[in-house]
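You will see chain A twice below: alongside chain B first, and alongside chain C after that.
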Partner chain A sequence: MSRRPRKTAVPDPAAFPTRSYDLVKEFTIALVVVVLLTVGLAAVFSSPDVKPVTLASWSRADGADFTATAVSELGGTSGTAGYGPPYNHTPGAAQKLGPVGLQSAAGVRIPVDTTNDFVLRPLRDAPEPPAVTAALATWAAAPAARQQAWTRAYSDALAKAGRGAPAKGDYGPVPVLASRLLGLARSGALDGELQAEGRFYQTDYTRPLLFLSDGSYLESLARAEHLGGDQWGMMNETGNFPGQAWLWLYTFWYQIDPFKSSGNADALIWGLMALLSLCLMLAPFIPGVRSVPRWTRVHRLIWRTYYRDQAMERDRRVSGR
Partner chain B sequence: MTALPYFYPGARLFAAPIDLNGAGRYVHWGVVQLSVANLVIIGLMLVVFMAALLLPFPRGRGRR
Partner chain C sequence: MSGMGGAGGGWTGAVRRRVVRALPPEKLLPDTQPAYMASWIYVFGVLTVAALIVVLLTGGVLALKGPAWWHVSGAGKYVNGLHLWSVELFMFFMVIHLWGKFFMAAWRGRRALTWVTGAVCFFTSIGAAFTGYLVQQNFDSQWIAGQAKDGLNSVGIGAFFNVLDFGQMLMWHIVLLPLVLGLLAIWHILLVRWRGIVPPIDAATIDPADATTREAAR
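Then we have the complex of A and B:
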């Protein structure tokens, strides 16, 4: 094992040559260049202009999908109803990182009861036709098992019927409730009902967005724009606009096994990226990694004039002996 | 409040010369799926990086 060379004495910083540097000038030039670039590029390319998807536009464009989703919300079988924290306490739904339940750790912070919040309350809050009042009363009076049987039977019938009318059966008040909710959605009232926060400005889109994401309409639109999770969607933008290219590594993991087939993918990838970020932060202390700049010698390319002058000086000294 | 329709008077005057709102174009390479727009941006970033490495430093008047 060879001994490490003894460190040479640290030179006096005042002994180095200096040059004046105007930080304010550089900042001003950078600001002006970035402003001109921003304004110029915005004028030439504009910005993404995709119309927002609302419950109203969804129910008008694809009433069958809306109705099927509404029935799953009523029966508590939708994706949101079984998501777990932060929306509800669904046993076994939360993602884990090994033994650590990251999703459960913060608890249910945005409680969502899809049956009441997405279906029954909006129906009650809107002016009710007598048939809807009777259907709501029938629903409230039925035991939970009966309610489940009605929604399950109606969901199956809707799935079999496709875009046509479902076959006749014992669905209880579910068709009346679903039909009324479809009417409210088409009128635009349901968007307002689900956004109502009791404040003047309504900026919380959590509930309408959850309802939308439980259907297949929003996902089909997203996939058409290459925004799906398995389409590297995290780094894409709508149309031909550039997206978030810096998220390439984060979205890359979702494309390969074991992550793409794992129900814990979000937690696993978050953990992996946290570990990699930690490695990047600690690069100067990791043996091998910290030597990469010395091996690649990129610094010699940047400061090539200095190193060339040094070499010439050395050659002159050698030839002058 | 309603948004202005695309065909309001003068819309063509204020429209961007290059419209990127059409159907996106994508490059597929095995598991990799990249939009052409992102590819252009990544290419430009590489060009800027190489320029930062290779362009000589400006020699200021006050340099000693």
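Then we have the complex of A and C:
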């Protein structure tokens, strides 16, 4: 009766027969192969470079969307205005991972006041026509409830009008402010206003990107490039390039319930991915997981020469007895 | 005076003796390998290292000319293509290497740290590639940043790691993450050389009293 192998200590590789192996030659060949593959792939496929959207290009291409977004920023009803940490203190906006609110715990570290940062300050910083000066004064003098009533009414009117002119109504100074901001955006001045904020050197695009993301224009372009959240989102890239295919598992969760319909989807998926990543990293220590290689027997394929030689030698010994 | 093998030499001598003992030249750069190391899966480790070098070199050229160069120069566009495709190859080779090592249970025989450093290399590479996508300065960067911020903000990371801040992401992409990845990769490779290539599962695992196994016999 043959004795079954027992799980004992893994032997030292030095105890096995050896063969010549030229590591430097292998590395050199590998490097040449990778260089040739890279040179060839870059020559044939190049890399995608779709021009970025600017506030100017957005406002020129879809003035109605820009205006509607600007009014929502002014009235504090945009996505950014109600985002919560790290941009502002909107109650109940932060996501939670079960009982744990990491988003709230991190606090408001990149404060964004959409009313002032996206609308009023750029208008004040640009040369003001008298009508805009008067509109800014009217806005500043009005109580918050009145301001919100104006922006809400104008937003509703814009939504009803579609791409046409909104019906007449009591919108206060909002149409003048929105129209002036649209003019600044179309001239290209708003891009500089939002980014520079009075400074010369600037590398932080947080505010213009948040403003862009609040509109529907950017998303419509992204969806046309199969980049929507329900189209496997950011793991894709414009054109037919492979993108970040290694993010497939992270993106996968956004496509299925309960994640895709949860208000805490991001936090839940990040929590899940953190757990799975930890499992991968600590696989050697997790009972069950560390035994998967033995159960799947893929190793029999990888070391098939070794196992075949072992079997032949065993057979030879048996027949020699 | 103390020779290489003798005591003395203070901390420097102690470190040298320890390093040479752990990784003597014939172990660091051997010209033989165990005979069981005979599968195409082994090639993907060295392919990953080769691709990483191409990634670093092409990224170095892009860094030399500045982040906007490739948008306005044909040569720059081509170098950016080299960088992109070397990253795709790097990640492809690394994923195959990782799963190959998983199915070999390559953490056996006190090699758990080798596995852990490899896994952390993988996660660091994802971060490095991700920040690369963020600093392309094109539509992809805008959209990816807008999407990614929600995930990062939801667990509090976005308050410190702001994907909408181009300057911060550029520094992470060209300084911090390559440095961490480079050091981890060196550590990982040294651990592989130190512990040697993991033997096949169940190799030489018959009771030591049974001297009929090939390994025990040798």
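Simple rule for what comes next: the second predicted complex is superposed on the first by the 284 of 321 C-alpha atoms of A that agree within 3 Å, B and C clash if a C-alpha of one lies under 4 Å from a C-alpha of the other, contacts with A are read in each partner's own complex, and residues count from 1 in each chain.
Definition applied: a residue touches a chain if its C-beta (ideal position, glycine included) is under 8 Å from a C-beta of that chain, and two chains touch if they have at least 3 such contacts.
From a predicted model like this one, the values you see are computed outputs, not experimental measurements.
A.B. asks: After superposing on the shared chain, does chain C or chain B touch more chain A residues?
C.D. replies: Touched residues of chain A are more numerous for C.
A.B. asks: Return first, second, both or neither, reflecting whether A:Ala141 touches chain B, chain C, both chains, or no partner chain.
C.D. replies: neither
A.B. asks: Regarding the shared-chain residue A:Asp49, is it in contact with chain B (first), chain C (second), both, or neither?
C.D. replies: In the superposed model, A:Asp49 contacts both chain B and chain C.
A.B. asks: Should A:Thr238 be classified as contacting the first partner (chain B), the second (chain C), both, or neither?
C.D. replies: In the superposition, A:Thr238 touches chain B and chain C alike.
A.B. asks: Go through the superposed model and pick first if A:Val318 touches only chain B, second if only chain C, both, or neither.
C.D. replies: In the superposed model, A:Val318 contacts neither chain B nor chain C.
A.B. asks: Touch check for A:Pro17: first (chain B), second (chain C), both, or neither?
C.D. replies: Both partners.
A.B. asks: Under the stated touch criterion, which partner chain does A:Ile256 make contact with: chain B (first), chain C (second), both, or neither?
C.D. replies: first
A.B. asks: Regarding the shared-chain residue A:Thr305, is it in contact with chain B (first), chain C (second), both, or neither?
C.D. replies: It touches chain B and chain C both.
A.B. asks: Which of the two partners, first being chain B and second being chain C, lies in contact with A:His226: first, second, both, or neither?
C.D. replies: first
A.B. asks: Could you pull out which residues of chain A sit against chain B in one structure and against chain C in the other?
C.D. replies: In the superposed arrangement, which is not itself an observed complex, chain A uses residues 17-20, 43, 45-46, 48-50, 225, 237-238, 241-242, 245, 298, 302, 305 for both chain B and chain C.
A.B. asks: Per the contact definition, I'd like the list of chain A residues that touch chain B in the complex.
C.D. replies: 17-20, 43-46, 48-50, 225-226, 231-232, 235-243, 245, 255-256, 298, 301-302, 305
A.B. asks: In the complex, go through chain B and note every residue touching chain A.
C.D. replies: Checking each residue of chain B against chain A gives 15-26, 31-38, 40-42, 45, 53-54, 56-57, 60, 62-64.
A.B. asks: For a test of understanding, state which residues of chain A touch chain C in their complex under the given definition.
C.D. replies: Residues 3, 5-24, 26-27, 30-31, 33-35, 37-39, 41-43, 45-53, 83, 85-86, 95, 97, 102-103, 105-110, 203-206, 209-210, 212-213, 218, 221-222, 225, 227, 229, 233-234, 237-238, 241-242, 244-247, 264, 266-267, 269-271, 274, 277, 280-285, 290, 292-294, 296, 298-299, 302-307, 310, 313, 317.
A.B. asks: So in the complex, the part of chain C that touches chain A is made up of which residues?
C.D. replies: Spelled out, the residues of chain C in touch with chain A are 29-39, 41, 43, 46-47, 49-51, 53-54, 58, 70-71, 77-78, 80-86, 88-89, 91, 95, 100, 102-105, 107-112, 115-116, 119-120, 123, 126, 129-130, 133, 136-148, 150-160, 162, 164-168, 170, 196-208, 210, 212, 214-215, 218.
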